[in-house]
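Heads up, the thing below is written out as structure tokens.
Should a chain be cited, it is by its letter among A, B and C, assigned in written order, with residues numbered from 1 in that chain.
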Amino acid sequence: MTRTVSRDDPRVLLESPATIYDAIPPYPPRSEREAEFYALRDGEMLVNLGPQHPSTHGVLRVVLKIDGEQVVDLDPVLGYLHRGIEKLAENADYHQAICYTDPLEYVSSLFNELAPVMAFEKLVEIEVPRRAEYIRILSCELLRIASHGLFTGWLALDLGGYAPILYGFIERDEIVEMLAALTGQRMLFNYMRIGGVNGDLNHEFMSRLGEWMSRAAREIAANQTLLNENEIFVRRTRGLGVIDRETALRLCLTGPALRATGVPYDIRRAHPYSVYPELEFDIPTRDEGDSYARYLLRLDEVKQSLRIIDQCLEQMPDGPCMAKIPRLIRPRPGRAFAAIESPRGQYACYAISDGTDQPFRFRIHDPSFVNLQSVGVLVPGNLIADTMAIMASLDPIMGGVDK
Amino acid sequence: MSRIPGLGIARGMALTLRRLFQPKVTVQYPEERYPVSPRHRGRLQLLYDEFGALKCETCFQCAQACPIECIDMGGTDTKDRFHVHWGPPEQYAERRSESALRRSGRPVPDPAYTAFEPVDLAPLEAILAAEDYDPRRMPAILERTQAAYGHLPVATLKHISHSTGAWYAEIYGTASSCEHLRFEAPTTRAIGLCRCAACTLAGGGRLRAALEAAGGTELPGTTPDGALTLAAVDCHGASPGDPYVTVDGVPQRGLSPEKLAELATAIRAATARPGRA
Amino acid sequence: MSVVARSWGHLTPAGKVVVPLLGIVLALGLVAFLGIVTGILPAIGDTVVLTGRRNVGIVRFLVAATAALLASVPIAFINIYLEMKLLAWIALRRGPNRVGPFGTLQSVAHGFKVLAKEDFTPTGADRAVFTIAPVVTFLSVVLAFMVVPFAPGIVGVDMNIAVLFFFAIGGLTVVGLLAGGWASFNKYSLLGGLRSAAQIISYEIPLTLSVVGVVMLAGTMSLHGIVEAQAGHFWNWFVFQQPLGFLVFFLAGTAEGNRTPFDLTEADSEIVAGFATEYSGMRYGFFYFAEYVNLFILSAVTAILFFGGWSAPVEIHQLAAWLGVAVPSFAIDPSQLGIGLLFLLALGPALGTVLCAIPVALLRTDWSLRRALAVGFVLFNVVAGGLVIAWAYLASEVVAGLFWFLGKTFFFVFVFVWMRATLPRVRIDQLMGFAWKWLLPASLFNIFATAAAIVLVNR
């Protein structure tokens, strides 16, 4: 057996300057799969895609085994953005734990707060005022539109398009400024509270929202003409990364990636929470299961979100936006689970209380992580350029994947 | 895709051409500023009330509640007499790690991050070569290393990690979960006896005989199990009329030979380790 | 000696430049004085002039090559600025607006930045090839620049096979890209270099074949001759006789110039920066100068081959004749004015400024007189400049030609930038399939149709 040395051993540089360029890990293979992956046949080559690469959506590292331009196999390496958020949250009291979850999926922070807040409310057994529930849904759906707008831009950017990402950011910026008027922050809102929300609707938010809603549908539709029927875009995404229904269910995909295969599974309807049972909206599905279907599905979801926002504004009840809860929460020992539909799929939180003021266990189920595992099925056999299109169409956010 | 080839592209091109002439959205930062919402929570400043007085009452609640302890407060009390302060005064990085340890609620031994003594790695190389540098034979490697060095010095663990490719954390975890593997040399306790004329005349000879019998070795020496060292110390005339005896450097008074022998036997029984023959 | 050394040490950095220059100027002056006094220098001068007259072709080539080298840099700067600004406007941003008026010096600042950056050679790179690759790319582009006619007579070398030369030299670019990608010792660079080889070689064929129709119609391979064949009104332009040829040429040229949607060699979302991944400093700058000069040349050749080069869309004299308007004769020789020219030069600006300031002061009574005068001065300059340009346009066909040529060229630069802002990138297999399955048959069909048309018309 050959002797391998660690990469941080200074002798490596002195003895063999070429070895530092290898994507092969410095330790012997630790599983059959690793041994098979890192054994190269003739003409094959390993390429490190990431962690610093223009199109890995953060710090995902994918080791691609390529034969010419074709990807033969791939090995995703996670953990570059691991911050130990779950463990940090276990060492903070219930109110403080919420603000740790914000930077998980950082383009849709409100969803990251909503799931733990709902879990904690189940632990404490308190009733949330209906106005607070409506405000939560309203702000979450706004952020869903912003997140999908960014997704469109990212997908186009990974395909080489230049304008959509900037139009997506303009769209997102308007929503985020609007939410900043409501919550006080632009990105990590920290708005949800156990028993309600941090602040009531105010004039600035409502006037911005009204002004935006009057032109939102038109502008979003206008921006979509860049890609929707663009021959280059359609040819590059249609029939790419096709995943069938059985495989999607077997891989536990959720969210648009699952609905694009024709399964109408949406937590908002399947396990309704908050005030969704009182709202009218459809669950769009598509049957193709390819990247283009995932793209179009998100555009349909944006339309449904606009519908939900309209209804929220119409049905917004009066009343307090925060329940009376103590400053220090000590729930009875027990466990709680809450799942919501984030822009990427099922986002869930599981918390165990041991009777103290800190959660004994706090776990997050993140849709990006679960959806990302399908790249192992989807990518091999495609070209390098399609790797990006497939990964972008799954819309993973590395903050959530690495926690 | 539309029926007419190129129509989709043309529509996109028309959109971008229209955008070319639309008003621009960039905010030229130092000259123009975006209006900040009154509810904005990101201000790093203390607020004043309408009478011009500081709203902050120095109640420290914010500093206490801050989850990452980045708030460090100092000020005078309400009658302007005492300086009050919240938060440790160290640099931020130190405070953070200190805080992490405190929050975890348990001592965190991490020899990985302390400087370690270099050791002679030749015996270890022999062991590794015999075990084929195979990380799957880690327990055997670790046991033989301990047999060679008496314990597992950090330097050997690092070397094993480099040579086998196993992560240091894995090796450390393996070793720390085995009862018989130890990271430090077994603690040796020492009993000292002064051999000056005054102490010998005051009864030191009998003590020495009892001690050597209990320890099974000459006075300057270590017991065969390595648990107890018998050391020659100097009383410097500190204990007139009583033989000078120290246990781990602490002077003892009024020990009879029997008591001393009992003490030595007890120490040997307590500190002897199964790993060492 | 120590005195000199100590004085040298006391000099400021500027002084260290100025003092030697002064010395050199003094020495040259002395030599010139002695040479003229003794009559040696005039004799040498005569010889030089005679030699130049005998070898006028070589002298002209050297001057043209120097001019092409020098002109390529500002042209690249202008293209980079245009691209930055237009991309920004399309993305609803403002674009560069800090360095220089309207940010026009931004690309110059970028040039200085690139010049001042560390020139880094990665470990394991093939140093010689790594160093020479950007130079090859840049030089091949500048060589192609030599045959581009800007206006009647304004051309580096008027070859009778300029079209052939242009494509032959244009194909050399790929050598530099491939060498750079190979020598970088980086997998992304290697992929980018191989992609560029595959792409540019594939697109050379339809690119060259699409021009055959134009050459057949014009009957010459000289770019000068092709432009003259399209003289007259805009319906003489070859784009109307060769629409398919133009389409193929434009698409293949986009790929040849590595522009979106065919910019696979430096596809930033796939292979980081392709062949340029490991380049930094001025070597990177050479690649990018080459790319933007190439963009200009592609636009220029498109304008020349299909849009009549420097010829105006409508002959202004004929237009005036149709409209029944007499074109004012601007064939004024300024020297005929005699002493009047002196008065014009002395008093014209002052009088013009006052004349332009009067309406401004009357319209904006809230402005101070000084401000009105300042605005009047600017107005006068605009008016006078416009008049001078109009005079030059009508009087000199070189100025008119340059105007139309640069206008058409920068229109195509704009189209390239516009496409880059809008379109996503195609995949490598689609790219190759497009070249071989669509563009090549289309260009062959174009040749056949053109030949048939020529035969039919001439019979």
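Here is the rule we use: a residue touches a chain if its C-beta (ideal position, glycine included) is under 8 Å from a C-beta of that chain, and two chains touch if they have at least 3 such contacts.
Everything numeric in this text was worked out from a predicted model, so none of it was measured.
Comparing each chain's Cα centroid with the centroid of every protein Cα atom identifies chain A as the most central. When chain centres are set by their Cα atoms, the one at the greatest distance from subunit B is C. Averaging C-alpha coordinates per chain places the centre of subunit B 66 Å away from that of subunit C.
In this assembly, the C-alpha centroid of subunit A lies 47 Å from the C-alpha centroid of subunit C. The geometric centre of subunit A is 37 Å away from that of subunit B, both derived from CA atoms.
Counting only residues that touch two or more partner chains, subunit A has 163, 170, 226-227, 230, 232-233. Within subunit B, the positions touching two or more other chains are listed as 9, 12, 15-16, 19, 25. Touching of two or more other chains is recorded for residues 90-93, 421-423 of subunit C. On the side of subunit C, the complex with subunit B involves touching residues 86, 89-94, 418-419, 421-423.
Residue ranges of subunit B in contact with subunit A, taken from their complex: 1-2, 5-9, 11-12, 15-16, 19, 25, 34, 37-42, 65, 67, 103-104, 132-135, 161-167. Considering their complex, residues 9, 12-13, 15-17, 19-22, 24-26, 28 of subunit B touch subunit C. By the touch criterion stated above, subunit A contacts subunit B in their complex at residues 1, 3-6, 9, 26-28, 88, 91-92, 96, 99-100, 163, 170, 173, 177, 180-185, 190, 199, 202, 204, 222-223, 225-234. Residues 87, 90-93, 123-124, 185, 187-188, 191, 195, 260-261, 263-264, 267-272, 420-430 of subunit C are the ones touching subunit A in the complex.
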